[in-house]
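Here subunit A shows up in two complexes: once beside subunit B, once beside subunit C.
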Partner chain A sequence: MNKKQRMFLRMVLASLLRRRSRMIVALLAIVVGATILSGLGLIYYDVPRQMSAQFRSYGANVILTPSDDSYMNSISIKNAVSVFPSDKLEGYTPYRYENSKLNNLPVTLAGTDFSSVLKTSPYWHISGDLPDGNGKTLVGKKLAEKFGLTVGDGFSMLNSFQITDNTDTSALPDYEIYTDPKTGEKFCDHTLDLKVSGILETGGSEEDYIYVTLDDLSDLMLSERGCDIVEVSVAAREDELKSYLDEINKRSDTLSAKPVKRVTASESTVLSKLESLVLIVTAVVLALTMICVATTMMAVIAERRREIGLRKALGALDSSIVIEFLSEGLVLGAAGGIIGSVLGYLFADAVSMNVFSSSITFRPLLIPVAIIASVTVTGLACLIPIRSAVDVDPALVLKGE
Partner chain B sequence: MFFRMITGAFRRQWKKMLMIALTVALGASIATAMLNVMLDVGDKINEELKAYGSNITVVPNSQAVMSDLYAVEETETKDEFLKEETLGEFLTIFWANNITDFAPVLDTSVNVNGNDIQLIGTWFDHHFEFKKKGTVYQRDTGIINLRSWWDITDGKWMDEAKLSGDQYAMTGRKTADMLGVSAGDRITVKSSKGTEELEIVGIFESGDDEEDCIFTTLSVAQRLSGAEGKYKKAEVSAITSPDDELAVKAAKNPDLLSGDEYDLWYCTAYVSSICFQIQEAIPEASARAVRQIADSEGKILEKTELLMALITLMSLIGATLGISNLVTSSVMERSAELALMKAVGAKNGQITFLVLTEIVLTSILGAAAGYFMGYAFAQVIGQSVFSSAIEMSGMAAFLVMVLIIAVTLVGSIPAVRMILRLRPSEVLHGGH
Partner chain C sequence: MKLLELKDVTKRYGSLYALDKVSLSIDKGEWIAIMGPSGSGKSTMMNIISCMDRPTEGQVIFNGRDITKDSRKKLTEFHRDKIGLVFQQFHLINYLNAVENVMVAQYYHSMPDEKEALEALERVGLKDRAKHLPSQLSGGEQQRVCIARALINSPELILADEPTGNLDEANENIVLDLFRQLHKEGTSLIVVTHDPEVGEVAERVVRLEHGKIISDKKNNQFSE
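So, the complex of A and B:
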C-alpha cells in the first residue's frame, strides 16, 4: 500500500516536472484566472468603502441643530459627534450666525472653526489663504465684489447694541453710550478690525457671508453663546447613517441630528449604481475567464490521449488514470490559486493606490475562495477530456485516430 | 497547394481549431465588453450624478446690483430680475444638448393665515417652447428632475400639463404641519401685490430649508410679487467634463488663453465654458458654477473612469495571456507535424507562413464571434445597471481586432521559431 502511494506521488510529481512547458502553460492559465478572481473580488468588496469616501467631496451629509430656541454648546456637540466611529467621521464644523454692519450696510457674519471647515466643505474655492487665527477673515465673493475688498485689505465690522433698562452695562464699561436723536433709544458701538486673508467662491449662498473665528465673533457680539448649526461629514451609507442619527437623537435632548437629504439620498442612488456596475463587470469577466481557463486545461489534457491509451494498453484501471490526472489538475489548481491570490492582491492594491490613494483592505477569505474556485474549474476541465480519452479503445487512441 | 493545405488543416483539425477560436472568442468578448463599457461609463455616471441637482445657477449680473446698491444706500437691497424670454437662450448655446434640465426661480414672501412664509414660483414639469430666428426649440423641463431627493409624502408631483389654470402649490412637510393642511386642501396666500387661492397638489420632505417654503407655479409667484414676466434665478443642470488645467486657467480669465486653447476650451463641455456661453447668450445674466456639485461631479467621474480603466486593463491582460498561452501550446503540440514538413524539404519561411495563416484565420473568426458576444455582454451590463444601452465605439472594435491579431502572432511566432530551430530528426524521434 505504502509502495503504491509512493509510486502515485512519484508519477504525479514526475509528470508535473518532466512536462515542464505544458505544465507552465496550464499553470499560467490558472494563475491568470485566480489573479482576476481575487483581484476583482478585492476591488468589488472595497469599492463601496473607497467610493463612499470620495462622495464626501459633496461635503456635510449631517447637520445638527438645536432642538429648541437655545444654542448648542461645545460639550453637547462633542457628545453628539462621539456617536460616529472615528474612522468614519471626516470632520465637523460649528457655525454661529450674527448680523452686523460693514460701511453701515447690514451683512451676515458667520463664526466658524477654520481648521475643520474644509473637511465639511471641501468644495470651497479660496483665493488667498484660509484664515489661520483671530483677526483674519474669509469674505464671500459676492460681498467682496460689492464692497471692493481684496486679499490683504483691512476693514472693521460694527456692532451697535441697543441699550435698554435691562442691559447689564457693567459688561461694557469702556464703551461710549450715545442716544439716537430721532427715537431716543440708547446705543453703544463696538468694532472689530479684520484683515481679509481669502476670498471665498462657492457659487452658493456662502458668498454672501463674512467668515470669522468663533472667538472674534464672541468678541464683537460681546457674548459667548453656542452655535446655530453644526455640519458633519460622515463616510457612511444612508441606512447606516440613519442608525447613528437615531442614536444621537435618543441620547441628546438639546440638539437634533438630521441627514442632508440632497447629499445622502443622491449618494445612495449613484453609489448603488456604481456597486452593481462593478459587480456585474466582475461577474462577466470572471465567468469568461473561468471558461478560458477550462478550455486551456482541456487542450493541455487532450494532448495526452496517446499517454492515456498507452497506460490503458499496459493494463491501468480507468479509475486510477482518472484519479491520477485529477490529482495533477488539483495540484496545479491549488498552486495556481495561491499564486493568483497573491498577484490579485498586489494588483488590487495597485489599483486602489492609483485610484483612491489608499491601500486595499485585505480579505483573507478570498484566498481559500480563489483556491477552491481554481481547483474546481481545473478539476472539471480535466474531467471531460480524460473521460472521453478513457472511454475510447486504447488501440484507436494509440493509432492516433 | 498552399490553399489546399490550409483548407485541409481546417477540415481535419477542426476540433483543435475550434478550441483556439473559442478561446479567442472569449478573450475578444471580454475585451469588447470592457472597452465599450469603459468608454461609455463616464457619460452614464454623469447622468446618474444629475441626481444631485443643478450645477450652474444663473442670476442677474452683479454689476447691476452694485449700481443699484450705491444709488439707494441705507435702504433695503432692491431686487433684480431677469426677463422670462431669456430662459430660451439656454437652448441656443453651443452646449445646449448637454443641458439636461433648467428651471426659473422667483421667490417672494407671503402671508398665509397670519404666518409669514417664503413662496417660490418655478416650473415643475413644464413644456417649454422657444422661437428664435425661425427655429423652434422645445424642452420638457422643471424641478422634478432637479429635486430627485424629495420624498412626496402626501399627494403627488405637480404635473403642469394635466392641471387647468395655474393656482396650484406643493408645500414642505413643515409648512403643511404648521398650516395644518394636506394634499387637496386650498390655502389663501396674500402678499402686498395681491391674493391667490392655491390648491395643494403634494407635500414633500426634503431635509433642508425648502421644507419651510411653498412651491407654486411661476405665473402665480409673478403676480404675487408684481414681477410679471420675470424671474430671479435659474437653476441649470448640465452634463460637464471634469475640470483640468485648461479649465482652471480659463476660469481665471478666458481672455488669457491662446487662440487654440480658447477654441478647445470653448468646444469642451467644461462647467466654465458652459457658464461663459450662457453669459454670452444672456448678457445681463451671470452664470456661476455651484462648486459643491460641479467639483464633486468631476472627482467622482474621474475616480470611476480610472477604476474602470484599470479593471479593463486587468481583464485585457488576462484575456491576452489566456489567448497567447493557448496559441503557444497548440503550436508546440504540432512539433512533429512541423518537423516532418521540414524533413520533406519545406523552407522555414514557408512553414511559418502556413502555420501563421492557419492560426490568424482561426483567430479572426474567433474574434469576430467574440465581438458580437462582447456586444451582448456590454448591453447586458448597460441594461441591468443603467437601464440604457451602452454605445458601441468603432475604436473599441478596431482595438480588439488589432489586439487579437497581435496577441495571436506574439503567441505563435516564438513557438514556431523554437520548433524550427530544432533538428527534424530529434523532433520526429520524440527526444525533446
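So, the complex of A and C:
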C-alpha cells in the first residue's frame, strides 16, 4: 500500500471514527434497514417450513393404496416411503380393514401400528390411552356409545368363517365347526378378547371403527395379509410432494401414491398467500428503509458541503471526492450489513418463537446477501447527495458561505 | 518577471459588474494587498485569480500562459499545482488533526508525506500541536495550520483572503511575520484585506471600488 492509499484509508477511518455521533446516526439507520431486511428474508424463507410443520397437525397429506385388488406388503411400503427424505418424513401408518361382529352386530375393525398413528393423525383426541400392545383396543366414540363401552371394559370380537369345500380345515384344529340349520352352510367361530385402552374422538368417520394392532387383527381373521391403505405425513410443499409421489409411482407397480388433495391444496394456497404477504411486507419495508437510509445519508453528506468545497479548493477532482465519500458510505454499509444480519437473525428467531414456537433456521447465505444489499442501498443513497455535493462551487468556501 | 497578468478582466452577474475591465500585473515574488470596501470586487478577483471562477471577458495569464479558456478539470489541476490558499475562517477539516489537514493538500497534489507535513507545521511553530484536532487549537493556531497547508506543495502564489480577520493582535502579528518570511524567501503573495495594518506591510497595495482599480501603489517601506 503506497502513501496515497494509506492517506486515503486514514481519511476514511478518521471520518468514521472521529465523527462518531454523526456516523452512529447513519450506521443506526443502515443497521435498522439491514436487520429488517435479513430478518424478513429469514422469515420469508422459513415460513414455508414452519407452516408446513404446522400443517402436519391436520394429518397425513399422502396416501398409499394398492394399485390393483391386492394388498400392500411391508417391503413395498418401506420401499415407497424411502423416497421421502428422512428429514421431511414425519411418519407413516398402515391400516388394514376387516369386518367383524360385536354382540352379533357388524362393526369394522382397523388394524394399525399404534406407535406411528399419532404422527399421521396428530389431531386424534383420545380419552384414556393409546393401546400399547396386543389385546388392547382403541374404540371410536360412536361405537363406544352404541355398545356402552368405556375405558377399561373388556369385550370379545367374533369372526365367523364360512367353511367351503376349499377351506383348509387343518388350519382350524381347535375350532368347532357348525352348520346353519336354515342354509346348511358350515361355519367356524373365532373370537378375540380385547380391553378398551382409550376412546377415540375425531368428529369424523374414525369414530365408527375399532382399532386393534395388526397382529390382533391377523389373529382374529386367521390370516396375515398386507394393508389396504397407508397414511403418510410429509413436510413438503405441493410441488415438491408431487415430485416424490411421481417417483414412487414410477418405482412401484404394486402400490400407488396420491396426495390428500384437501390438505395439500389448502396448504399450498395458504402458503403461497402467506409468502406473497411476507414478500410484499419485505418489499415495502425495504423501500421505506431505503428512503430512511437515503435521507439520513443525504443529511450527513449535505452538512459536509463546505468540506467538499474545501477539498475542491485544495485541488480535489470530482472523481476523488465521489470515491472518498462513497467509500465511507460503503464501509458504513458493510458494517451495518454485518451487524444487521446478526440482529436480523435474532429478530426473526424471536418472531418465529412467538408465532410458531420454534427456532428459525439460520441461513448463512443471507449474511452476504444482507451485506451486499446494505452496501448497495447505502452506496446508491450516498451517490445521489454526493453527485449534487460535488457541484458545490469552491468559491463559496472562499467567501465563507 | 511577470507571474500573473489580468487583462481587461470583466465579471458580470446579470447587469451587475463585479469587476469592470480590470488589468493588473503581478511580478514573481511580489506581495500585494488588495483592499477595498465590501462589494468592491475583491472576492471576485480572488476567485478569478485562484481559477475557481472565470471572467466574463478578458484574459488571465499565468506564467505567460492564457488560462482563461482552460477546462474545469485543467483549472483545478492548475490551481492545485500553482496556488496555495489561506482562508479567513481557516477551513480545516474538523475530524483530521493538524498534520493530517496539511497532508490532505499533499494528497490531492502528489504524494502525502507526514515528515514533510510535520516540517511545514514546524515552520509555522506548531510541530508540538501536530496531533491536535482543529477543535483543540486556538484561532491563531488554526490559521497557522492553514498557512502550513497552503505552503506544503511549494506553490508559486499564495492567495490569502482576510487571513487575519478572525485573529487577535498577537496572532495577527505571528501570521504577518510568516508572510514576511515567505516574501523574503521569494514566494508571491496576494492578500485580500480590510485591515489597513495588513495592507501597510504589503509591498504593493491595490485598491478596488465598484469593480475598478482606483489606486495601485508601492508601499513606502519597499520603495527604493
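The rule is short, and it goes like this: the second predicted complex is superposed on the first by the 369 of 401 C-alpha atoms of A that agree within 3 Å, B and C clash if a C-alpha of one lies under 4 Å from a C-alpha of the other, contacts with A are read in each partner's own complex, and residues count from 1 in each chain.
In this section, a contact is a pair of C-beta atoms (placed from the backbone, for glycine too) under 8 Å apart; a residue touches a chain by one contact, two chains touch by 3 or more.
Because the structure is predicted, anything quoted here is derived from the model rather than measured.
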item	value
Of subunit B and subunit C, the chain that contacts the larger number of subunit A residues	B
Which superposed partner A:395 touches (first subunit B, second subunit C, both, neither)	second
First (subunit B), second (subunit C), both or neither touched by A:59	first
Partner chain(s) touched by A:34 [first = subunit B, second = subunit C, both, neither]	neither
Touched partner set for A:307, first subunit B, second subunit C, both or neither	second
First (subunit B), second (subunit C), both or neither touched by A:293	first
Subunit B versus subunit C as contact partner of A:12, first or second or both or neither	neither
First, second, both or neither for A:144, with subunit B first and subunit C second	neither
Which superposed partner A:284 touches (first subunit B, second subunit C, both, neither)	first
Interface residues of subunit A shared between complexes with subunit B and subunit C	none
Contact footprint of subunit A on subunit C as seen in their complex	43, 46-47, 50, 52-53, 73, 76-77, 79-81, 85, 87-89, 91, 93, 95-96, 100, 103-109, 111-113, 133, 149, 161
In the complex, subunit A residues that touch subunit C	2-4, 6-8, 10-11, 14-15, 18-19, 306-307, 310-317, 320, 393-395, 397-400
Subunit A-facing residues of subunit B, complex	16, 19, 22-23, 26-27, 29-30, 33-34, 37, 41, 45, 48-49, 51-53, 56-57, 62, 65-66, 69, 73-74, 148-151, 205-208, 288-296, 299-300, 303-304, 306-308, 310-311, 314-315, 317-319, 321-322, 325-326, 328-330, 332-333, 377, 380-381, 384-386
Complex contact set, residues of subunit A against subunit B	21-22, 25, 28-29, 32-33, 35-36, 39-40, 43, 47, 51, 54-55, 57-59, 104-105, 121-125, 142, 145-146, 201-204, 258-266, 269-270, 273-274, 276-278, 280-281, 284-285, 288-289, 291-293, 295-296, 298-300, 303, 347, 350-351, 354-356
